[in-house]
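Going in written order, the chains are labelled A, B, C and D, and every chain counts its residues from 1.
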Amino acid sequence: MPELQGDDAGQAHFDAVIARDSRIEPTDWMPADYRHALIRQMSQHAHSEIIGMQPEANWITRAPSLKRKAILMAKVQDEAGHGLYLYSATETLGITRDEMTAQLLAGKARYSSIFNYPAVTWADMGAIGWMVDGAAITNQVPLCRASYGPYARAMVRICKEESFHQRQGFEILLELSHGTPGQKAMAQDAVNRWYGPSLMMFGPPDTDSPNSQQSMAWNIKRFSNDELRSRFVGMLAEQAKVLGLELPDPAVRLNPDTGKWEHGPLDWDEFKNVLAGRGPCNAQRMERRRAAHDGGAWVREAAAAYAAKQAARAAQEVA
Amino acid sequence: MPELQGDDAGQAHFDAVIARDSRIEPTDWMPADYRHALIRQMSQHAHSEIIGMQPEANWITRAPSLKRKAILMAKVQDEAGHGLYLYSATETLGITRDEMTAQLLAGKARYSSIFNYPAVTWADMGAIGWMVDGAAITNQVPLCRASYGPYARAMVRICKEESFHQRQGFEILLELSHGTPGQKAMAQDAVNRWYGPSLMMFGPPDTDSPNSQQSMAWNIKRFSNDELRSRFVGMLAEQAKVLGLELPDPAVRLNPDTGKWEHGPLDWDEFKNVLAGRGPCNAQRMERRRAAHDGGAWVREAAAAYAAKQAARAAQEVA
Amino acid sequence: SGDVAEYALRLGDDALILAQRLGQWISRGPELEEDVALGNIGLDQLGHARSFLSYAGAAWGKTEDDLAYFRREPEFRSAHLFEQPNGDFAATIARQFVAASWQYPLYRELSSSSDPMLAAIAAKAVKEVDYHLDHSTQWVLRLAGGTEESRRRMVAGLDLMWPFVGELFEDDPLTTQLGDAAVVPSSLTAEFDRTTGAVLAEAELAVPAHPMATGGGRRGRHSEHLGYLLAEMQVLARDFPGASW
Amino acid sequence: SGDVAEYALRLGDDALILAQRLGQWISRGPELEEDVALGNIGLDQLGHARSFLSYAGAAWGKTEDDLAYFRREPEFRSAHLFEQPNGDFAATIARQFVAASWQYPLYRELSSSSDPMLAAIAAKAVKEVDYHLDHSTQWVLRLAGGTEESRRRMVAGLDLMWPFVGELFEDDPLTTQLGDAAVVPSSLTAEFDRTTGAVLAEAELAVPAHPMATGGGRRGRHSEHLGYLLAEMQVLARDFPGASW
C-alpha cells in the first residue's frame, strides 16, 4: 500500500487515534467538522463559566455569614479561572479569546441556558451548587476522556474543583434544611425551582438530539443525554433523602428492571423558550457581560498601549 | 445744574434708589461692583440649593414611611426649583446658567459649606430642616427687601417654601423625640452635630467680616452676621424646649440687658477647614455634581440637536 | 373583597417600586429640569402607590407602611418592568415610556371600575399619568432624533425594557374573576401597541424584536434586582420595628 | 484586653468593608484576569477581617458574624477610605493603591506586636498585602502611562481617594496607650509618602493636592456611603436572626 499523503494521512491518523480512544493534540491534523464542533462545544462551555458567575456573584455582598461569603467568592473566582482555562484550551484550535467573546456578545455563541434563571434567594446558592454543578459534573466527568487532549485535560482539572463546589452547595442546603422553618422552606423552594432546569441541562431527549451521534463517534461526547440525565436524577434522589428535602417530581424512581433511574415529564416548551431568549434573565446576563466588556475597553487599551511603550523603550535601550 | 449724562446719571439714579430703599431692576444702570457682588451672592445661593439636594436625596430611598418619603421627595424637588429660579434671577445680571455651572464645577464659585457635612441618619432630615433651613430663612427673610428686584422677589417665593420645609424638619424631630429611646437618641445626636455648623452658616463674627459693610450699604445684606446668628439661636433655644431636645451649648441664653440671645464659642477653625475643602464631603458633593453634569452632556446635546432639527424643518415648511 | 385588595396590591406595588427607582434619580439628572420632572413623576407614582396600598391594606387590617416595609420579596406583586435598574437616562425613559403607555389606558379604563374606590384612585391618577406619557414620548423623540449617540442609547434602552412588556398584559384568574372591578390586562394590548407604535414610527425606530422574558411578578417571582431595592427601602423601618415616624 | 480588641476591631472593619467593596467587582471587571485578581484581593481582605474580628469578638463573647452582621453603623470603626464607592476601575485601583501602601507597612510592623495573636495575623497578612501593593502599583503605572483617557481617569481616581489618606495616619488615645501591641499610625507616614511618592513619580503624576477630609471613622462617624453598604451586607442575616448558615 502506498504511503498516504497530506489530508489522507491525517485522516488515517485521526481515525486511528479515535478508534483506539486516544488523544488528538493541537498540532495533529483533524477534520474541519471536528474542529468546528469542538470550538462550538468548548467555547460554549467557557462562556457558560463566565456567564455562570453572575447568578452567584449576585449573593456575594449579601452572604449571611463571613464564612459563606468567603466560600462563595472563592467559588465564583474559580469559575472565572475555569473560563480562562477553557478559552486557552479552545485557542489551541485556532480561534482567539477576542473572537469568542465577540461571538458571545453578538449572540452567535451560546452559553448554558440554565444561567438565564435568576438566583433570587440565598438557598439558590445551595441549589446551584448541588444541582447545576452536579449536572455539570455528570456531564463533564466522561469528558475527562474526550478525544481532544487540551479539552480532556481541562476537564480533569475543572471536574476536581466542580465536585468541591457541589459539596459546598449540598452543605448550604443541608444547613438550611436543618435550620429554622423559614430556612427550610427557602431550601425546598430553591430545589423546586432548579430541579426541572437542571435536568434539562443535559439537552433534549435522545430521540430529539440529532448532533449527538457524530459527537459520540468523535469521542467528544461519551454518553447520551438521557443516559446522563438518568444518572443525575439518581444522584439527586439519593442525596435529597440525606438533605431531608423533596424533589418536585413524584415519578422519580429506580426502575428495578432496567437498573436505571426514571423521572417525570419535563417542560421542554420552557426549555425552548429560554433557549430562544425568553428566559427571565437572558437580556440581563448579556447586558452585564456587555457592560463589563465595553466598560473595560479603556482599561484593556491602556494596558496594551503601556505594554507597547515599554517594549519600545526596552528595544531602544538595547539598540 | 446741568443734567447728568450716562454713568453719572445712572449712579445718581442708583444712589437715589438705594437711599429710599427701593428696587434696582435688570435694565437699570448699576455699579460694576454691585453687579459682581450680586452675581457672587446669588449664584452661591443657587449653587447651595443644588448641592444642598444631595444630603437629603441620600435618604429618599430609605425614608422610614411612605408619607415621609413623599414629603422628602417634594422638598428636594423644591430645592431644584429654587435653584432654577435663582439661576434665572441671576441671569438677569448678564451671566448664563452654563457659566455659573462651569464656575461651580471649576471650584471658582462657592456653595454653602454646611452641605459638606454628611447626612448619616434619618434624624438629619429633621435637623437639616429645622436648623439648616431655619438658618437659611433667618438669613433670607430680610433679603425679601434686597435692593435688587429679581433677587428680592425670588426670596419672597423661596422663603415661603423654606418655612414650610423648616416646619417639616421640626415635625420629624418632634416625632423622633417622642418615639423610642433609640429614636430620641438619634434626634439628639443629629442636633448635636448640626448645631455648630448651622450657627456658622451666618458667616464669621462681625469683627472678622470685611465685605459686610459694603453689602449692607447696598441693601443686599440687611443685618450683620452676629445679629442674625443671635436671632437664630434664640429661635432654636425656644423651639428646642418644645422638642424636648438639648442644644449642645450650655452658654445659650437671652441676655436680659441687651435683649439679645447669646451662645458659646464656635469652632471657627473647623469652619475654615471645611471652607478650604477639608470637610467630610467636599469631594463627594463636587464629584456627584460633576458626574451628573458630565454624564448628562449627551442628553443635553441630543435635546439641542433635536430642537435645531425641528426648527430647521419648521423653517423649511414656512419657506 | 380580598380579590379587590389583591388587585390593588399589584397596582400599588408597581407604582411603589417605580417611585423608588425614580427617587434614585433626584440630584443625578442630566439637567435640573429633569431632576424636577423625574421627581414629579416619582411623587405621582408614590401617591398612587399610597392610595392603592392603603386601600389594599384596609381589607387586611394593615397600613400602607406595613405593606411597603414589612413584606418580604415573594409577597410583592409588582411586574418585572418596574424593578429594572435605572441604567442611563435613555433606559429610564424607555422604562417610563412602557410604564406610562400601559398605565394610561389602564387607569382610564379602571376609572369606570365597579369598585368605587379603585375608580376614584384611577380617575385621579390617569390625569397625572397623561403627563408621564407625554414626558416620556417627548424624550423618546428627542433622543431618537437627537445625536447619533443618543439614538444608539435610546435603541439600547428600549431593547433592555421591551422583554418586560409582555408580562404586563398577561391575564390570570384574579384579573378575570374580578369582572367589572378590574381591567383585563390583555384588553389593553391593542391600544398599547398602537400608542407605542405611533411614537416609535415617528421616531423612526423599529418596535424592539427582543423576545418577552418570563415574568412571574404577580405570583411573587421577581428578578434579581428587587432584593437590593427592598433591602435599601426597608432597612431603616425594619431597624426600628413598631416605631412611628 | 478590651483595648487590643478595640484595635483589632478597627483593622478588621477596614478589611471587611474593603472586601465587601471588592466583592462588588466580581463578574464586572475590565477583563477576566481582573475578576480573578480583584476577587483574590477581596478574599485576602475578607480572610484578614475574619481573623481580626474573631479575635476582637473573643474578648466580648461575640463571633465574627455577630460583629459583621449585628452592629449598627456607628459601631463600625473602619476608616472612610475603605467605604468609598468603587467608581470606575481607576478609582478602585487608586483606593487599592492607598490601602495597600498603608496596610503593608502596618502589618509588617504589627507582625512584631507584643500581642502574639495580632502579630500572627499580621505576619500572615503582610505577605498577601505585598501582592496587593504590587498589583495596584502596576496598574497605577499602566493607567497613568497608557492612553490619554486612562491617564485622565487615573488622576481623577487618585483625586477622589486622596482626601481619605490623612485619616489613616491619625493617632488617638487608643493607638498610643496600646504601646508595643499596636502600631502608632503616624509612625507610618514617612514610609507611605515615600512608597506612594516613588510610584507617582515613576508614573509622572503629581501627589494629589486634594485636601484631607475630616475623618471620624475610628469614632464611628462615617460617610454617607457606609449605610448603603451595610444595608446590603446585613439584610439576609438580619432577616433570620439567630439562624445558622
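In the analysis below, a residue touches a chain if its C-beta (ideal position, glycine included) is under 8 Å from a C-beta of that chain, and two chains touch if they have at least 3 such contacts.
Per UniProt, the chains are A, B = Ring-1,2-phenylacetyl-CoA epoxidase subunit PaaA.
Just so we're clear, the structure is a prediction, and the values are computed from it rather than from any experiment.
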{"item": "Distance from the mean Cα position of chain C to that of chain A, given in whole angstrom", "value": "36"}
{"item": "Chain centre separation in whole Å, for chain B relative to chain A (CA means)", "value": "58"}
{"item": "Shared-contact residues (touching 2 or more other chains) in chain B", "value": "62"}
{"item": "Overlap residues in chain D, where contacts from two or more other chains coincide", "value": "227, 231-232, 235"}
{"item": "Graph class of chain-chain contacts, one of line, ring, star, complete, other", "value": "other"}
{"item": "All chain pairs that touch each other", "value": "A-C, A-D, B-C, B-D, C-D"}
{"item": "Touch list for chain B against partner chain D, complex", "value": "55, 58, 62, 118-120, 270, 273-274, 276-284, 287"}
{"item": "In the complex with chain B, residue positions of chain C that touch it", "value": "16, 19-20, 23-24, 26-36, 39-40, 42-43, 46-47, 49-50, 53, 64-65, 68-69, 88-89, 141-143, 145-147, 149-150, 153, 232-233, 235-237, 240, 242-245"}
{"item": "Complex interface listing, chain A residues touching chain D", "value": "50, 53-54, 57, 60-70, 73-74, 76-77, 80-81, 83-84, 87, 122, 172, 175-176, 179-180, 182-183, 288, 291-292, 295-306, 309"}
{"item": "Partner chain C, residues of chain D touching it in the complex", "value": "72, 227-228, 231-232, 235, 238-239"}
{"item": "Interfacial residue positions of chain C with respect to chain A in the complex", "value": "73, 80, 159-160, 163, 210-216, 221-224, 227, 231"}
